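Here subunit A shows up in two complexes: once beside subunit B, once beside subunit C.
Let's turn to the complex of A and B:
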């Protein structure tokens, strides 16, 4: 590699380098932060992410392949990185008070989040199965640790252990698929793979490889049948980390899925049938099991499974609109899901956990404004217009029908009618019950800012989707 | 630049909701809500005075790009059919505010906000000329209506609200798929007039017809998708019932008129017999159920099913008299049934019972109330001289022209109507005063009169001189009929 090419590569991956370097510096400086000064960590972490974001936007003008085809900084990657930055910054803002209450506000918490962010960014930019693997593992290792961050709680430890074991197995399966691909095509580069195959794309070996890779990837987005970890991990992890995992790593998983599945090789192997089945089963399981949940975090875990299923329909549709619809869906989901998690995190104050749905009974009476926000997020998650959640679903459906998958579209909407029930049930608890206790939400300025931003996104994209739609369509890969 | 009158009409209540949100005093909230709904009503009158009855073209149109990448526009406009319902919605808007003046005594601000938002969305549904915009308004109505029933309703409100929400949502989502399919078959546009001009192949029309039918039949409601209605009506507060009966039920029928007939003419003609049969079933079944009710609100709710059956029957006779009668009957039903729910609400506020068995001899204690109740009950059973007579006569003559059998069954509905309404009136108003009621009841006061009188005026006005109302819809109906028969084959 010549010096010039190396320089170009470094330039293309500058945002990742900024995040990693910033995280390392914060790891050292964090040791000097005294107790009670933790908000400094929040500011520093946000500053690092904003620097990376600035770099990303500065470099977004052109497509920059880097590291001999392992990595690319294209518009597709930029779009996903913006989603990651958003998710991470909002998680930082939500974390400050929560971490203080739970006693987990050490610098490692923020550093690990930053490393997870760099892993996700690598995933979005990776164009080689090996670099995908590196990003995936970097992200996953950080989230394993973060899940177990509530050291005193057996629930959190159990979740972390479960996550590590299952995550390890899924990574193994993924790697096995990669090795099969390498054996069959002689390359692990996404572009090179398609060119190397001359025979039948339905070759059984190839199919096996694709199935293994699919299995490894859908694990990360929590789709059936690799969803078992989701409810336990979501329930056990610190709520801020749950919020983060439900949007960031999930979006990163979809970034990879889109790159891999829409690769000409995989597209030719009828893998979409597998994906379609996964999408239907995922949505069905998520919606029906969520109906009987009493724990808010567990319910949101199943809700996130449902949403993964719906976004998966966009992958099934494929094509320009299909990809754009998944991207838009993930952006909108980031806003509305972090919004609802923000309200759950805010309820955690003193001895009050706010994790059970019944804890919210009559919340609308003393706090009409916050209740209205929850109403907004919940109706958006249910996909009722004029919220953004509706437009996200609508666009996926348009993409499906455009490709002629009308039956899948009907299945998708009927299952989302089932899913609507459990969101509306929470609205019912908030609005139609009498309050049992006094509420004392931990409303710091940071939390307020998060709620304001997510609410603006949820209603703003719903009313004026045109700009965001154009952004998603503009960010398709290849361009 | 022309004044965007329709946008003003649609968003005035929404602006009212925004203002109300910042008020603290309950009375200020009530007066502000009333002011905004009355202002909206005046704007509506202004719209009608400028309305040209000689053309079927969309009037007062406004178009702004919204999501250009998908061909979605913000387009509003009214023709004769929608103008009538915009007027009805605006009229019932301030009547609803008056009806909830004292009936709603907790969370008044939140209630008025929901009511005003609801009002804006309903007006939006009738004005929308873009299918996507229409759907947004149509579906968004679920949120305020869910809250109105679920927060301010009776004892079984939570169940009723859920049932209402899920029935309507499931129906609407199938409709959404239909809309998207239509979008791709109709040249990637959501523009309603452009889609109307398309000619779709018959199999596509058939599928779409049933996809639309599910959504509209839930809203109307047509038997067998009507089971949410009695629950929702009984549990909803008075204003909620008025909105449900007066406007929401009309939206299903409006959907048939705006989408099914003009966009799917062949399917509409092909399945018209099925639709007529379902309508006739609703007329008789709803009437029989009403006959068996002891709860006043349930009685009116089931009578609604029967009356809406008459409306859909009129629409699917696909002849001029049937259609005009059906549309006029939609208006009449909004006025009359809205009034009947108002009356049930008024008496319930005083006695806290809705059981017919608890009443008797009301005429002696509340003569004004019972006199007006008689007027609306007679109107509901289509006595000559009242509004429903005109509508029902037109529908029935259209039905007989279409099919003797269907017409004969539909006439049964009128007989049943007389039976349950006269029965109810006899038990409630006549005879000796029931012991518990004798001294407690006060007659209607000025505020209640203000809500009753306009409805009474429309009952008699349409009954005695229906010409202006028919004139509004005439050109549009004729055009609609021509579209159906040109493309769908004459009958």
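Let's turn to the complex of A and C:
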């Protein structure tokens, strides 16, 4: 690689470099932060992310392939990176008070989130199985540690241990698939892989490799049959990290899947059959198991499985419309899911955990405003118009019907009707019951800002859905 | 610095740009590497993918054969005199039962082990870098310093956290 090519590559990956360098600096500086100065860490981390976001938007003008075809900075990646920035910044804002209450306010918490962010950004830009793997591992290792951050709680330790073992197995399987692909085709480039995989007849070694790689990615997305870790890990992890994991790494997994499906060869092949089966099973399992959950975090875990299933339907539809609908879905999901997690995190104050659904009984009486916000997020998650969640589902269904998958669209609608039940049950608990205790939500300015931003996103996209869909389509055709 | 993709690109030069669909498995040309040529390179009608890995199978078979033969031949030659102390698992001078066997190690052992792995990996990376240093020029030279800087940040962090203090 010549110096000029290297310079171009550095320019293309400048946002990633900013995040990694910022995280390194914060890692060392964080050791000198005195007790009671933790808000400095929040501001510094937010500043790093904003700098990276600025760089990303500045560089979004043109497509920049980099590092000899292992990395690409295109508009598709920019769209996903914006989702990641959003998820990370909102997590930072939600974290400060929560970390103080739980006693986990150390600088490593923020540094690990930044490293996880850089891993996700690498995944969104990766065009080679090896760079995907590097991003995947960077993201996964950080989330393992963050899951176990509540060191005093056995539940958190158990979640981290489960996650690290299952995650290790899944990355091992993924890597095995990559090595098979390399052995069979002599390349690890996504394009080269797509050309070989869609060949006819498919030889068994290649099929095995594809199944392994899909398994590794589907694990990160949390779709059936690799969903086993989701409820336990989501329940045990600190709630802020659960919020982060349910949007960030999930979107990163989808970014890789979508980049593979953008390839015309894959889109024209029969790969959609596997994805359709995964989507139907995932949605069915998520919806039905969520019906019997009493723990709010566990319920949201199953809800996130359901949403992953629904987004998978968009992948099945394929084509520009299908992919754009998934991208819009992930953006909307980021807003509404971080919003509902924001309210759960806010309830954690003093001895009150706010994790059991019954804890919210009669919440609307003393706090009508906050209850209304929860209603908004829950309706959006259920997909009730005019919230953004409705349009997220609507465009996926439109893409499905346009491609002729009417049966799949009907299944998706029926299963989301099931899912609507458990969201509306919470609304009922909030509004219809008498309050049994005094509520004391931990409303810091940071949490207020997060709730305001997520509410604005949930309503705003609901009011102008076509504009945001065009944004997603624009980022698709530009890349 | 030889990039993995550049390496694959040089590999690819031998093959046609687009893979002929139906011909991929029985195709006469592409994918045949030095390994299969060294074996005599069957012409045409055989599973190239399987042929590629045949030397690996030979190697595995060879390893199993040599190991089995060694054990078998030495069992014929050696005197057999087992006693309890000899049958005990070897544990670096420590009693295999007791404190060490209970799985209760000082946590510092683990921290040192992780630090060792970090610097092991660095060394593994440094050796090939030093060998091809002339070919990769100034860019490769600078790239290694970026890598070492990142490692040093981790090392400085470990130092600041007191990972190098034995008595915590």
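Here is the rule we go by: the second predicted complex is superposed on the first by the 461 of 479 C-alpha atoms of A that agree within 3 Å, B and C clash if a C-alpha of one lies under 4 Å from a C-alpha of the other, contacts with A are read in each partner's own complex, and residues count from 1 in each chain.
Definition applied: contacts are C-beta pairs under 8 Å (C-beta built on N, C-alpha and C of every residue); 3 or more make two chains touch, one makes a residue touch a chain.
Everything numeric here is computed off the predicted structure, so don't read it as measured data.
Colleague: Looking at the overlay, what does A:6 touch: subunit B (first), subunit C (second), both, or neither?
Modeller: Once the two structures are laid over each other on A, A:6 reaches subunit C alone.
Colleague: Could you look at A:431 and tell me whether it touches subunit B, subunit C, both or neither (first, second, both, neither)?
Modeller: A:431: touches subunit B, not subunit C.
Colleague: With both complexes superposed on chain A, which partner does A:187 reach: first (subunit B), second (subunit C), both or neither?
Modeller: Touch status of A:187: second partner only.
Colleague: For A:67, using the defined touch cut-off, is the partner it touches subunit B, subunit C, both, or neither? Pick first, second, both or neither.
Modeller: A:67 sits against subunit C, while subunit B stays out of touch.
Colleague: In the overlay, answer first, second, both or neither for which of subunit B and subunit C A:31 touches.
Modeller: In the superposed model, A:31 contacts subunit C only, not subunit B.
Colleague: With the two structures laid over each other on chain A, which partner does A:368 touch: subunit B (first), subunit C (second), both, or neither?
Modeller: In the superposition, A:368 contacts subunit B only.
Colleague: Which holds for A:410: it touches subunit B only (first), subunit C only (second), both, or neither?
Modeller: A:410 sits against subunit B, while subunit C stays out of touch.
Colleague: Once the shared chain is lined up, is A:288 touching subunit B (first), subunit C (second), both, or neither of them?
Modeller: In the superposition, A:288 contacts neither subunit B nor subunit C.
Colleague: Would you mind listing the overlap between the subunit B footprint and the subunit C footprint on subunit A?
Modeller: Correct list for subunit A: none, the interfaces share no residue.
Colleague: Under the touch definition given earlier, write down the residues of subunit A that touch subunit C in their complex.
Modeller: 1-3, 6, 20, 24, 27-28, 31, 67-70, 128, 130, 182-189, 195-196, 199-201, 203, 205
Colleague: List the residues on subunit C that touch subunit A in their complex, please.
Modeller: 1, 3-6, 8-9, 11-12, 15, 18-19, 21-22, 24-25, 31, 47, 49, 52-53, 138-139, 150, 153, 156-157, 160-161
Colleague: For subunit B, which residues count as touching subunit A in their complex?
Modeller: Listed in rising order, the residues are 65-70, 110, 135-136, 139-140, 142-143, 146-147, 150-151, 157-158, 161-162, 165-166, 169-170, 173-174, 176-177, 180-181, 183-184.
Colleague: Any idea which subunit A residues touch subunit B in the complex?
Modeller: My answer: residues 364, 368, 375, 379, 384-386, 390, 394-395, 397-398, 401-402, 406, 409-410, 413-414, 416-417, 420-421, 424-425, 427-428, 431-432, 465-466, 469-470, 473.
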